[in-house]
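Just so it is clear, A, B and C label the chains in written order, and each chain counts residues from 1 on its own.
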Amino acid sequence: MADEPDYSSRVALPPRTRVAVGGAREVTESLFTSGDRKKKIQGTIFLGLLLFGLSIALISIAAMITWAFVAGGPRLNTNLFTNVPSVVTPENAGYRTAILGTLYVIGGVIVLIVPLGVGAAIYLEQFANPANKFNRFVDLNIQNLAGVPSIVFGILGLAFIVRGPLSLGFVAAAGSLTLALLVLPTVILASREAIRAVPSSIRDGSLALGATVWQAVWRQVLPAALPGILTGVILAVSRAIGEAAPLLLVGAVTFVTFNPSFFEGGYSTLPTMIYSYAKRPQEELQVLAAAGVVVMLVLLIMINSVAIYLRNRFERTW
Amino acid sequence: MSTSVVSPGASSGGAPIRSLEAPGPRIGEKIIKAVLWATATLSILVTTGIVISLLLPSIGFFQQVSIWEFLTGTIWAPAFANPSYGVLPIVVGTLTVVFFAILIAVPVGLASAIYLSEYASKRVRKTIKPILEVLEGLPTVAIGLFAFNVLTPLIRELTPFLPWTGPFSIGVAGITVGLLIIPLVASVSDDAMRSVPASLREGAYAMGATKFEVAIKVVVPAAISGIIAAFVLGISRAIGETMVVLLVAGAGNPVLSFDPTKGTQTMTAYIGSTATGDISQGTITYDSIFAVGALLFLMTLAMNVLAMRLVKKYREVYD
Amino acid sequence: MSETTTPSTALPEISVSADKVTSVDTEPKNTFELRNVNVFYGDMLAVKDVSMAIPHNQITAFIGPSGCGKSTLLRSLNRMNDLIPGARVEGDVLYHGMNMYGPKVDPVQVRTVIGMVFQKPNPFPKSIYDNVAFGPRLQGRNGNLDDVVEEALRGAALWDEVKDRLKDNAYGMSGGQQQRLCIARAIAVQPDVILMDEPCSALDPVSTGRIEDLMVELKKTYTIVIVTHNMQQAARVADRTAFFTVLANDETGSRTGVLVEYAATTKIFSKPDDERTENYVSGRFG
């Protein structure tokens, strides 16, 4: 072993590997200079630190849920779902129109993102030539869009959907469209991942039997990728349900006392309504805001459970 | 044997020879491909839309306020009778949030990632990852409310020596955003560390290295570009966070100050609170929303591009 | 066999052959004729200057060391290479005298005529029945396909083993059964040719034996071209064998496959003309 020349100098290693190889060497050499006992203690302390970090995250979740139930407790009754918003009689105010608004907005989001997101993912994974410059540009663009702050999508919605070319006004449809564009990159990226996880041998097998690319996709690849796509869509939708910032700009902040409609009249959603209540000074409205958080959390935990169930149920090892 | 065109050669070969031509023009296939192409290309329209919607009003804004005055001015008072458009106070607000967020999210996120990638069993991973994802998916308005009602009093209690004043604090907002981005930092770093080939780890283990040494001296250095990418993505997310800041730091008048115990505005909070109010289109205040939005967009874009470069770097080495 | 009429029957036969016949004096008994075929991946020449004729209703084996381009060449015979971005074929690949890369030729149609079985069994994650029925359904046959499925499974010597569990998921079968299912799936499309890309490389010796027996049976109906890295397999089943080797260019790092020798299998394994073939088949190389 002593005769062996230094590995890293024998072969041309890329920079990152060289660091790793150097690290490996350093570790090995240090073994011959210090005691074992010390290493063991070090490892334990480190593990403790890691677990501590992890528990901060988990405790935060637990604390938040507990707080919401305690602070919102007095208002957790059916009035919460049946009564309309009010600042005049805060003790009777509820979330009915906001919950309906959320259903409208999210319904629109689902209708828009499923075909658009899955379609784009299919194109990029199954039809597009990855070496083509335009396709690479589309790919990069989607990754970038996924990182654009949500409030910027609110600006887009304000300038292009509420006003400007579409001029829908401050209506639920505008909120829907804005949120759909916001979560679209997420849906595309998640669907692509699900489609990519289907082995190419399934596609090749179909094509070798005389399927066109679309037939291979529609009859074999897509069914196999469906649970994954569904999980991605659900997670994206749950993000959209909790999203408030872009909706502030496209009108979802009115105290609507009538059931909303999709294309006319003001609307509100659960998260923006919670924000509107929280901003007010009245103590009752603070309780109401916390109760709203409970409703939203229960809704989201239910939706996320479905996603987790789907993932574990259909996890396939090829 | 099968239905097909029989060519003259078939009689001598004995087998029917089938045509290699398409049985039809496959118009459906072409239409579907075109539609799918259009859905993929839509994302470019969205980006273009964002750029145009930010750019046009910004041009109007910068015809009245010089870019220099905007970028270096220290007073942000667009709604005042004597308005001033120096963006620095709200930029400093944003940077304060980023600073405190990173202070929390980097150590905790990295530690969680090392644990998940190097120590946790498959079963533990399967339990913890979804929980972290739930945290990531929590509505920020809920987190903001929780932070304002629970975290702020708690931190005040723990630090009576600090000069706390009103109910709002940009520092607590930063810490809260930090909690929010822990899952992001953890999962991106975890991915990077898990893509380090097992052979590197095994090489070190074979020489008797402990888990701790392998994690710190082999895996973390090997995955460093991915880990930095995780931090950069976290920063980008912190810059863009709106609801937590609105709720915890308030939407009061921004003053150029680095004091984390005071409430102030960030760029996002300015946009969020101003656009909600009744301001008419065409005014300079209205346009200022878009100018701030453009700056915000550029800052996050730079961070995202940097993160993508870093991720590409480690992918190139190991994939 | 009764069949629905496919649109291709409506085409005037003379126009079809007139468009595609680039050479009138093709050996009628040859299914394929390759003339100076080069296959490129981007700028890289993967297979260089192959000329050979592949006879009808026989088994032709491609052998050679890994990287010699035998699989690449096989995939150019049913245009599977079209699916790899940057791949292109130069020279003439004639199928019964028709240029397979001619302007009017449809790669999808090509693959219904020239089927393929892959290295690793790749059944669809569906029932055995649906796997076999997939090809016929693609061709628009939506009625009762029981007869078609049974016939294809019998053709692949699988019927007796699976007739009671046609609705079971194909993933529950053994590797050898899965591969025979893939053969049945290919037969159900009623191709003229079956290409097999190392079909036994993932299988145990018993399963391999069954597939080899099946190949000998199948050549009565189909022309078979098989890529194998197992020389004994080629010696056992193939009528003709082509030996390929790889030329490595150390300066550019490129590796190009070339055809060294192509003859009757007995000749390749007993008294080959080329020294490189002799070295390879006697195990002194590769």
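The rule we apply is simple: a contact is a pair of C-beta atoms (placed from the backbone, for glycine too) under 8 Å apart; a residue touches a chain by one contact, two chains touch by 3 or more.
This is a predicted model, so every value here is computed, not measured.
Chain contact topology: the protein chains form a complete graph, every chain touching every other one. Chain-level centrality, scored on Cα centres against the all-protein Cα centre, points to A. Note: centroid distance chain A to chain B, computed from Cα atoms, is 11 Å.
Centre-to-centre separation of chain A and chain C, using mean CA positions: 45 Å. A straight line joining the Cα centres of chain B and chain C is 49 Å long. Among all residues of chain A, those that touch two or more other chains are 212.
Among the residues of chain B, those touching two or more other chains are numbered 26.
Residue numbers of chain C whose C-beta contacts span two or more other chains: 108-109, 112. In the complex of the two chains, the chain B residues touching chain A come out as 26, 28-29, 32-33, 35-37, 39-44, 46-47, 49-50, 52-54, 56-57, 107-112, 114-115, 119, 126, 128, 130-135, 137-143, 145-146, 148-150, 179, 182-183, 186, 196, 200, 203-204, 207-218, 221-222, 224-225, 233, 236-237, 239-243, 246-247, 268, 271-272, 275-276, 281, 289-290, 293, 296-297, 300-301, 303-305, 307-308, 313-314, 316-317. Within the complex formed with chain C, the chain A residues making contact are 129-132, 199, 201-202, 204-212, 215, 219-220, 224, 316.
The residues of chain C lying in touch with chain A in their complex are 78, 80, 83, 85-86, 108-109, 111-112, 115-116, 118, 120, 122-125, 134-135, 138-139, 182, 185-186, 189. Note for the complex: chain A touches chain B at residues 14, 16-17, 19-24, 26-28, 30-31, 39-40, 42-43, 46-47, 49-54, 56-58, 60-61, 63-64, 67-68, 71, 115-117, 119-120, 122-124, 127-128, 135, 137-138, 140-145, 147-156, 158-160, 163-164, 181, 184-185, 188, 212-214, 235, 238-239, 241-245, 248-249, 253, 271-272, 274-275, 278, 286, 289-290, 293, 296-297, 300-301, 304, 308, 312. Residues 1, 3-9, 11, 13, 16-17, 20-21, 26, 28-29, 56-57, 95-98, 100, 102, 104-106, 108-110, 112-113, 190, 192, 221 of chain C touch chain B in their complex.
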